[in-house]
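The structures considered in this document are given below.
You will see chain A twice below: alongside chain B first, and alongside chain C after that.
Now for the complex of A and B:
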């Protein structure tokens, strides 16, 4: 699988996973709600029994724009299947099951288990690594949350929250996020390395409500370590709470 | 053997079908193509020369079915500037109900790839395509991409564990072959999967193997086999290092030994991702034992745009410590996919 395909799949899962920060016990400051309540509402927007979505991914750099389309199937356990449906990597698939990442290469009709150090591999020339895909949704236990106050993003009032990793093994030592006070969608995130340097930036817009859940239909990810690069993901179809067969999350479907 | 005329007829018929079938049916198939140009050069102290007959351009045409949950097909053929037509793959897959929950029994028939065993270059666990693949030169690409005519049954026995039964008729080989493998995925991390298989070839020739992989600081994989009384063991290590931010270094090394012979093969590779678009690496291929030789050099690939890749390699061969002709073999290639 090419780096571009990696990035497509990664971005799909990463961008959705980013919105799934869980709540940390915290104390309310002034008239503001407790940070735990804010993050719980944020998380509530991201937790569904099942979901399926189509998306377009445009990766731009100094050479131009590369477009891909993909379909994502996801269930509450965190199991996720990404199928690249257009572009030169069409047919390639990525399956996240628990902590494991599996890649399917149609050229070789082979399934590769991504393991160990290979999880650090960058995907698709993007700023993402496979380690980000292994996020199991237990960020609540891994980060301390602190409410810094209020801020605005794209005209929307937001809660300004800092998540600090409890363990040095986390991919991001600190995450600074803005949560929309109305929709409880994460509108902006700055992701920091252990050295304290901001390495990635995510911004979200075009908030729509689907089956009671507020979802950002447009997201832009930037790698702050590189110049003139960005990845834009646009959701074109979102279905939540639909019947979803378990067949999407095993090797047989992955290699189909 | 599929004749050249038959291949041409198959390709022509496919594209005639694409041209004349109703649009509603055309939407079920997705065409794609790759245009490529490759050339080889010989470099020495007298200069650099293109090696006669090595410059080849061509197109790979591909057709894949889409959005069918029970039946799918794939076709790919290559036509190059030497007027040679090669059928790369032509197969269909069909799925049927199966007793294991959320899985299907799958039947594949045609000219298809098959990946048995474990290995990037050497794979003692591949009784179908062999322990060492046919490789023209070291490069930045994959080495084990062969296909053959087959009928294949895929039988899931769990979420990731499965069995396969295969029959390979005497199309590309003189003798028919048949066998099976069982793949178990204990998912212990340090031991991710174990597989064992057997292939019978008319003759008779018996081929059996065991392969496994896992991760323990290094990602590791190994295979051992007995092919017609000849033992072989291959093994490999892989790790991606990130000593420098945004400069990933991938290290892979593989070995292949034949315990009954005094011959060993080695493949080391170190690749650096200088940017998202540019990779640069060193690779080697060595034989030790009764015969000693080494081919080593540099490989690089540049993909400024998705679907467009420039690649190059420069290799030098040594036998018993001495360089042999050509002094340096340079291969340059370009691929555009759309």
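Now for the complex of A and C:
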């Protein structure tokens, strides 16, 4: 249900996991808004009925930079389809339906169903996992939020929030995020494993408004478990509220 | 000559003791023959498997791949593989150059991913197909550029595959992405090499190149030299030949090394050699204790005789020589008998083979051994055993012989 997540930077997807504290009337000191209100505004920038986006993914590591382009289709029901549109992997598709991910390869007869730990595998060799790039879970139901105070990121004043997963099954047990006080876009996130180790870091920039939604057009994800690696995702086209055919989200029809 | 004659006669004055000493040497020699033959069989087998199935006599790989091998950077393959192969195959002194690409894949089966090893080879030139331990036990060889594959019997059994079956395999690619492809089984290939007795399949190298997004290239090239060719010279020959054809700069990107420089196995061979040398010394040392004891007893029993010899003018050196000659003759008899028996048994063993899998089960998988090892000994090894046996016996007898030489004639003759 969060197409915006991609915009906010696929990264924002993690953020998807962000705000579930709705039920928690937390209030910051010094007259700050309730944390639930902040996250609701954050979510409002990430939730659309339908969306379609084009993006470039540049994976940088010690051996150089590898670039890929892809298109994302998303609808509010939680279905997401990623179609790789350039390079040698062109034509490959990744479909997310709730907790299931299906991979379509043009030369394979089978549609590959990913489950369990495979969801955490790198997608397109990037620092993003399949789950990161397709996650659309309901944040408010999944995380407890706590407002720590204010901070700045890249010169912008932000709310400093900690999200703690309610369920052990979440990929990130804890997220430490900075939400822009003006645009209500997540600008930075530090993502922690269940063991309390920071495993990924996301930062977002180039915020633009599309159909009244604030979206970060550039995001950088770093897998902190790897050395000298980072992935930059740049959105090149964002369309919100457009009609999308159901075939995009049907795993029986991934060969279209 | 007279000394040898006397020593030989003395030897049989106490048959029981001589037979005991010779038997000890015989048993040590026999045991050493078995150990060395087994070691030689294992090492020859591993070397054959490694060169035929992995490196070739000389291995050519991208330097950057080798430097980062731990993370399998598939993007560092051998560029212009076909041209490189053509050049090498036209070079005098090189018998065969063949491409090889190996990668880890997952076979997708009923929602599960089964780890597997995939190899891209040239079915027409790879020793994997033509080696002494390779047998196509069913089906046919895939045609070039097709999606056909050969699978190992073990993989075929585990996944119920037979010629005509299809399966989908997933892999990481050279462009850092992933890929999935459905392959068709055309046949079943049995290799005695325990490294290929699990989940492995073999595809055409160009098909594998496309699958891994490497294009018409290979991860490595195995170079086989003419029989008896010097490995270091072969590596230099391959390099100079490539420098002339594809240029010094491109050639410099490649690591071209003899098989022993490309495989940790060579270190193992050296260690194994030392270990078996130690075993040999221990065996003969144990046998030498028997000789030492019997010779000591002989000296004590023959004290008067030694005294008489001394009184008749035989010097200390002569007495030492007499006893050492006796020891040498006993050692020679024992060692030769051991070598004869060992040679016959090793020959039989080498003919029928040693079933490693029956002896050690499937624990040998990944060690590079074949399921059946053929123990063997070379002439130089037989000679080494003979010389070691005699030398150890002489060394063991030196002390008793020296003791004998110190016996004073008057004292010995007066001794009751």
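Basically, the second predicted complex is superposed on the first by the 204 of 256 C-alpha atoms of A that agree within 3 Å, B and C clash if a C-alpha of one lies under 4 Å from a C-alpha of the other, contacts with A are read in each partner's own complex, and residues count from 1 in each chain.
Here is the rule we use: contacts are C-beta pairs under 8 Å (C-beta built on N, C-alpha and C of every residue); 3 or more make two chains touch, one makes a residue touch a chain.
Since we're looking at a predicted model, the values are computed, not measured.
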If touched residues of chain A are counted for chain B and for chain C, the larger one: B
Touching A:87, do we find chain B (first), chain C (second), both, or neither? both
Partner chain in contact with A:225 - chain B first, chain C second, else both or neither: first
Could you tell me if A:113 is touching chain B, chain C, both of them or neither one (first, second, both, neither)? both
After lining up the shared chain so the two structures overlap, which partner does A:103 touch, if you call chain B first and chain C second: first, second, both or neither? second
Where does A:245 make contact in the superposed view: on chain B (first), on chain C (second), on both, or on neither? first
One more residue to check, A:59. First (chain B), second (chain C), both or neither? both
Where chain A meets both chain C and chain B, residue numbers: 59, 61, 63, 66, 68, 87-88, 107-110, 113, 115, 118, 125-126
Enumerate the contact residues on chain C facing chain A in the complex. 64, 68, 73, 75-76, 108, 111, 113, 147, 166, 168, 170, 172-173, 175-182, 211, 213
Note which residues of chain A are touching chain B in the complex, please. 2-4, 59, 61, 63-64, 66, 68, 87-88, 90-91, 97, 100, 102, 106-110, 113, 115-118, 120-122, 125-126, 193, 225-226, 229, 245-247, 249-252, 255-256
Quick one: which bits of chain A touch chain C in the complex? Just the residue numbers, please. 59, 61, 63, 66, 68, 84, 87-89, 92, 103, 105, 107-110, 112-113, 115, 118, 124-126
Which residues, counting only chain B, touch chain A once they are in their complex? 30, 32, 64, 72, 74, 93, 95, 101-104, 106, 112-115, 142, 144-145, 154, 156, 159-160, 162, 187, 189, 192-193, 213-219, 238-242, 245-246, 248, 250, 273, 276-277, 303-307, 337-338
